[in-house]
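The same chain A turns up in both complexes below, where it pairs with chain B and then with chain C.
So, the complex of A and B:
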């Protein structure tokens, strides 16, 4: 029942928000949402306390037959792969609710959708049945589409439609792969049992795995399936970007590990060299594209594309260390990208622009955004993999775990890691250093040097969640054992199982 | 093009040289006469006066008590070595005397006026040799250093002389600014023209004050700047100070790097425009930017009415030092205005064409330099 509470709290919370009597003010809706999400976080922490890190398999399992005719069971379980993601979902959805401001338009629906997404993501991470996973995976699409299309920026309709088309295709491919499995194996067993050659020929395995790779590759996203992400981020409001980058992209990488690697270990081993090269291309393309951006948010979005490539590399290598690196990368990317989007959002709110050709000197201690700038420097250092922060430990584990298997792809990915420092230093140098100004240079440099900028101060509501994320980024970097303890046994077992069967 | 709210960017009109010349010749003040400007200028000069009092005492203490001390570890403590004072110093609960030294070094480096001419004279060198000969007999380190680097101790004495002279200059200015605050409090000064006139009168009264400096070594008295050098307050110290600190300054703005090879810094020091009247107040409190220290010191002594006035504007306490810097720049334009008025070759009321022409040339020379400064703060 404990895992069901991670679904009940958000789903009942969604119902409560939608049915709340009267016309509550946006602030009141926000407060109710925060209470629901704090309860969800407490329940997630309780799951963590009950979780036995020494055990490798699924724990706290719940099973109810639902629709046996089509193989749909209510089967939930948690292991070292899903637990960190459940925790990060609870934490980042709470951050999204706390930083939400100025929702005057339909606040009831906004907050309900936020909580609904969180519940659906929990369901996807906890599902032990393929169809149940698919239900939750699809459940978050429409709320997210609404969050972008209703509360997004000027070009929201375009971005939301693009997001919907891409992710609907992703869903269709995943459902197609699951149904194809039933068709090819002649059974409606949608449990997480590995599909081996004795059940399905290699050709069939590769086709199904290929569909899953493209389906989850859209969600992650991997180059060249990434096209929807920069637009979605650019048009989404800051809390939605935090949720999208921090949590929702992880559905793709989680799906890849759980349903690609774990379900089709033999086919995975065959495709692994190609996947490693794909990962390297994704990393390099994401990094080079980020360098070319002048919109801060697009730069961070392309950085996400690059950094999620590390997870594919680690999954392709499929060693205990690389899989641990993959989980670290998912968690650290969740924290760091959430922090980056939150800080970019603060800059945008205060200055009205994210254009790196216009923003300068925001670190100005008296008139600028010094705390935001300082946290941005921490975030970019973490993202670039500086020791002592979450990004370092995850990248180190990914590279260390992958280099023996795929040295060329790993080295190319390392170059991508170096490029992270390049584009983020460009960002910090342009937007935060120098004389404070938020106007493009004119023909009169004397007048440019005399413009005074009046920026409003950043409220604690925005800085406190950012500081909490900074603490998480540094904390995970200094105490990586806190996470590896949870995941080590499960991931080692997963890697050994996959190696054994391949 | 991004959408930028117009109220986020504030720009004020800068003045051209001709406009400034006209104002100087007509006896108009450079800073516009508004009640807010009076509050800002008098308030900020009062806090500056308090700070200058501390700077002055410390510079004079350094000149007299830390003379040729090779390890002046306690030079900022004014001789009080009590644990409480040392703790306050280490805890940074103190005046930033580093800024005073920064100004002294600017004067020494730009080296204009009578003081600098005397520091390069043969008479000064002879005084130095006498002092060094006496000092090195009691100090083995100096005895070793002097033959190895014959110019070193003389340069140290030039440093000490400039330090002491600046201390004497600021003694007068501190009293003048505190008197100004008292005059405003009892209603004698109510407008910007009255402020400028008060400062001008103070400068004129002190113009002829002698500047001299002597040290005691082993019970013997030695002159470093002897009375017979004839150095006086206005011409030999005040004017070089204005030149070095208000006008030329140092090419270090903190947030902007200069490319000296690309001639972004003029090879002619006389064309430098990095002083207080040209400084950008925006980077105030940026790490390592020297005026930040002064703003922090003035913040500690801010009169309450001005403090309240700052709290009601922009970020309140959040950008108070930057606002002090803006007010300080306005007040420095008033001081410069007073100095120009006080040193005008002929009375402004003259009807003789040649005297009018001399005044015009003098005002135009100043206006040309001031026009490059932050005249946008003048509110014209």
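So, the complex of A and C:
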């Protein structure tokens, strides 16, 4: 029942928000949402307490037959792979609700959609049945589309449609792979049992795994399937970006590990060398593309493309250490990219632009955004993999786990890690260092030296969540055992199982 | 193992924590939460914790004298075959390096109180120095490669923030960027080595790594190419940290930062880098190519750095290149398997260079000028500074019997038989650096006062006190060195070698005093001399070369990726979208309303689908 509460709280919350009597003010709606999400966070923490880290398999399982004819069961379970993601989901949805500024347009639907997404994501992480996973995977799609297309920026229709088409294709491929599995094996067993050669010939396995790879590859996103992401991010509002980067992309990597690696271990081993190269390309492409961006949000979006590539590399290597690295990378990318988007959002709201050619010297202590700037330095350093913060230990584990298997791909990915420092340093240097001015630099020094900019103080509703994220990033970087304790047993078992059959 | 050890040793983990806690203690003032009474309390708190670190360190040294070297470690992260630990190697040399770091940090912090007297963000400076000190004291004590790497990267970060301290100035912005990126390149290459070692050797403890390296020749786990790459990766990190050619340009630009940080950077930060290299040397030496690269880099840096230093008109830069040059000598000594001598040279250089930089700082603080052409005649007005500068310079140059003289003697004596060319490199570098300090001394302290030095009172006591104390330490350094290296003693070289070293220094001083001063900066009319002058003054055009190679390569690749992303990938996605819209528009017209045609289409699709799946199942 405990796991079901992780679905019930957000779904009932959505219903409550939609059916709340009268016409509550946006602030009130926000408060109700925060209460619901705090409850969800508490429930997630309770799950963590009940979870036995020493045990490898699924825990706290719940099983009800739902539609036996098509193999759909209500089967929930949590293990060391999904638990950290459930926690990240709870935490980051709360963050995005807290940082939502009073929105004037349909606050009721906005908050309901936010909570609905959170519930659907929980469902996807907890589902132990392929079809159930797919239902939740699709359920999150429409609310997010609404959040972008109703509350987005100027070019929101284009971005939202693109997002919808790409992710719909992703969903179709995943469903196709699941149904194909039933058809090819001739049974409607949609449980998480590994598909081995005695059940299905290698050719069929590779076709199905290929469909899953492309399907989840769109969601992660991997180059060249990433095109929807920068547009979606630039048009989405800050809380939605936080959610998208921090939580929703993890559905893709989670799916890759759970349904690619765990379901098709043999085919996975066959494709792994190619996947490692794909990961390296994705990392380098994302990093190089980020260097050339002048829009801060686009830069962060491309950095996401690069950093999610590490997860594919780790999954391809498939050693206990690399899989642990994959989970670390998912969690730390969740925290760091959420923080980055949050800070970029603050800059955007205070200055009205995200253009790196226009912003200068925001670190100015009296008239600029010193606290935001300081946290931005922490965030970019964490993203660049500086020790003492979450990014370093994640990357170290990924590289350490992969280098023996795929030395070339690993070394190339490490070059990508070096390039991260390049673009984020450019960001900090251009926007935060130098003299404060919010004018495009011209040849006229009098114009450049305008010092009449006075930015308003950032409200605690934004700084406190950002500080909490900073604390999380540094805390995970200094005490990584807190996370590995939860995941170690499950992931070791997962890697050994996959190695054993291949 | 811990329970039997005396208390100061068990609490050894506190030593880096002192520095880091200094950072945390400064935060209320650095962030501006506390504004009453100014930022001074943050400075006092930092001084207090640094003092604690110095005292704790000397207590540990005393204990170690009695009970011999110790090793302590604590678990940090464990998963599968990966075991990362926090380890401390408490040997006398490591602890001596620790005392160097903490004492220098303390002295610099007192000095900074005077130097940054009117700086409004004093608390931020102290927070960064605390961070700096914590990372450095961890590096020198570290017993495993992972921890060393971890802290070296933290040093990179704090260097970036310290160089970027005055972040509103355009030159500072580029300097901070270059400092970070140059070191980061070295760090990423080092990380490749660290990751590879961790995966192939298993343990990260230096001692286990040495054992693994010794076995490697027989076991042949790694091919020769892999070993060479590993060696090159491992030396890249220290090369960046020690500002060696071609990764040296950050140190010169970093002079844009506040001077107290420059003191630390030129004396102890580079020392930390060299100590890490020293610990890695048993692995690096597996590859003869890596060792040769190390020797080449050291030689080029030693002589190139000394020559470039001669052509600088900026007071701080003239000495920052000299640091590069001396660290080049240290690299040679490390590559030739003389770690003990390398360490002695690091000590002698670190302290003397710090004193030199303090003198430089005093001059800058008084005259607000660091252009050699505008300074002159300060000698009699600033006696303490003048004396400190002379002692510091004498400590750097091998002429008078101070620290460097004995080091040069030992080094030349060791190499004159086996590697005579490197002995020549040492003597030549000594000569060039003697020329440099002499000409700088002449232009600052002698001659007529110039407009900017007419009013030149001696600095306040907060700057004078650390300067004078450090002068005394530099004068006493030979005695300390004798204690560190009792066998065979620092004077274990024949008189002839001593005379040669002194002669090289004396010739340098002579040249430095005879050449007309303006020849160092005014451009010659002779074309070929002008070419050489420009080459040296512009640091062999290194920034330009970087701009045209690495930077433009990355920038072009980035632009290409952006173009590809916009035109090919986005174009493709948009094209598919447009195509589907167009076909939908076309198909709209084909709707006939005939039920039979719909059924036929559906049937065909199903047959096709089943056919494909059947093929998939069979294959």
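Basically, the second predicted complex is superposed on the first by the 498 of 502 C-alpha atoms of A that agree within 3 Å, B and C clash if a C-alpha of one lies under 4 Å from a C-alpha of the other, contacts with A are read in each partner's own complex, and residues count from 1 in each chain.
In the analysis below, a contact is a pair of C-beta atoms (placed from the backbone, for glycine too) under 8 Å apart; a residue touches a chain by one contact, two chains touch by 3 or more.
Quick caveat: nothing in here was measured; it's all calculated off a predicted structure.
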- Task: Quick one: on chain A, after the overlay, do chain B and chain C clash, or do they fit? Just give me the call.
- Result: clash
- Task: Report for A:453: first if it touches chain B alone, second if chain C alone, otherwise both or neither.
- Result: first
- What is the contact status of A:146 with respect to chain B (first) and chain C (second): first, second, both, or neither? neither
- Task: Could you say whether A:476 touches chain B, chain C, both of them, or neither, answering first, second, both or neither?
- Result: neither
- Task: Scan A:351 for contacts with chain B and chain C and give back first, second, both or neither.
- Result: first
- So, does A:361 touch the first partner chain B, the second partner chain C, both, or neither? both
- Item | Which superposed partner A:435 touches (first chain B, second chain C, both, neither) | both
- Task: Give one of first, second, both or neither to describe whether A:112 is in contact with chain B, with chain C, with both, or with none.
- Result: neither
- Item | Which partner, chain B or chain C, touches more chain A residues | C
- Based on the superposed arrangement, let me know which partner A:484 touches: chain B (first), chain C (second), both, or neither? second
- Task: State the stretch of chain B that overlaps chain C in the combined model; pick it from 92-100, 164-172 or 218-226.
- Result: 92-100
- Message: Residues of chain A that sit at the chain B interface in one complex and at the chain C interface in the other, please.
- Response: 361, 364-365, 433-436
- Complex interface listing, chain A residues touching chain B: 351-355, 358, 361, 364-367, 433-440, 446-447, 449-457
- Which residues, counting only chain C, touch chain A once they are in their complex? 31-32, 76-82, 121, 149-151, 153-154, 156-157, 161, 164, 167-168, 170, 172-174, 176-177, 180-181, 184-185, 188, 191-192, 195-196, 198-200, 554-555, 557-562, 565, 569-570, 572-573, 577, 613, 616-619
- Provide the residue numbers of chain A that touch chain C in the complex, in ascending order. 161-162, 165-166, 180, 183-184, 200-201, 203-204, 207, 224, 226-228, 285, 288-289, 291-293, 319-321, 324, 361, 363-365, 370-371, 374, 377, 381, 384, 386-388, 392-393, 396-397, 399-400, 403-404, 407, 410-411, 414-415, 417-419, 421-422, 425-426, 429, 432-436, 480-481, 484, 488, 492
- Item | chain A-facing residues of chain B, complex | 1-5, 7-12, 14, 255-256, 280, 282-286, 314-315, 318-322, 374, 376
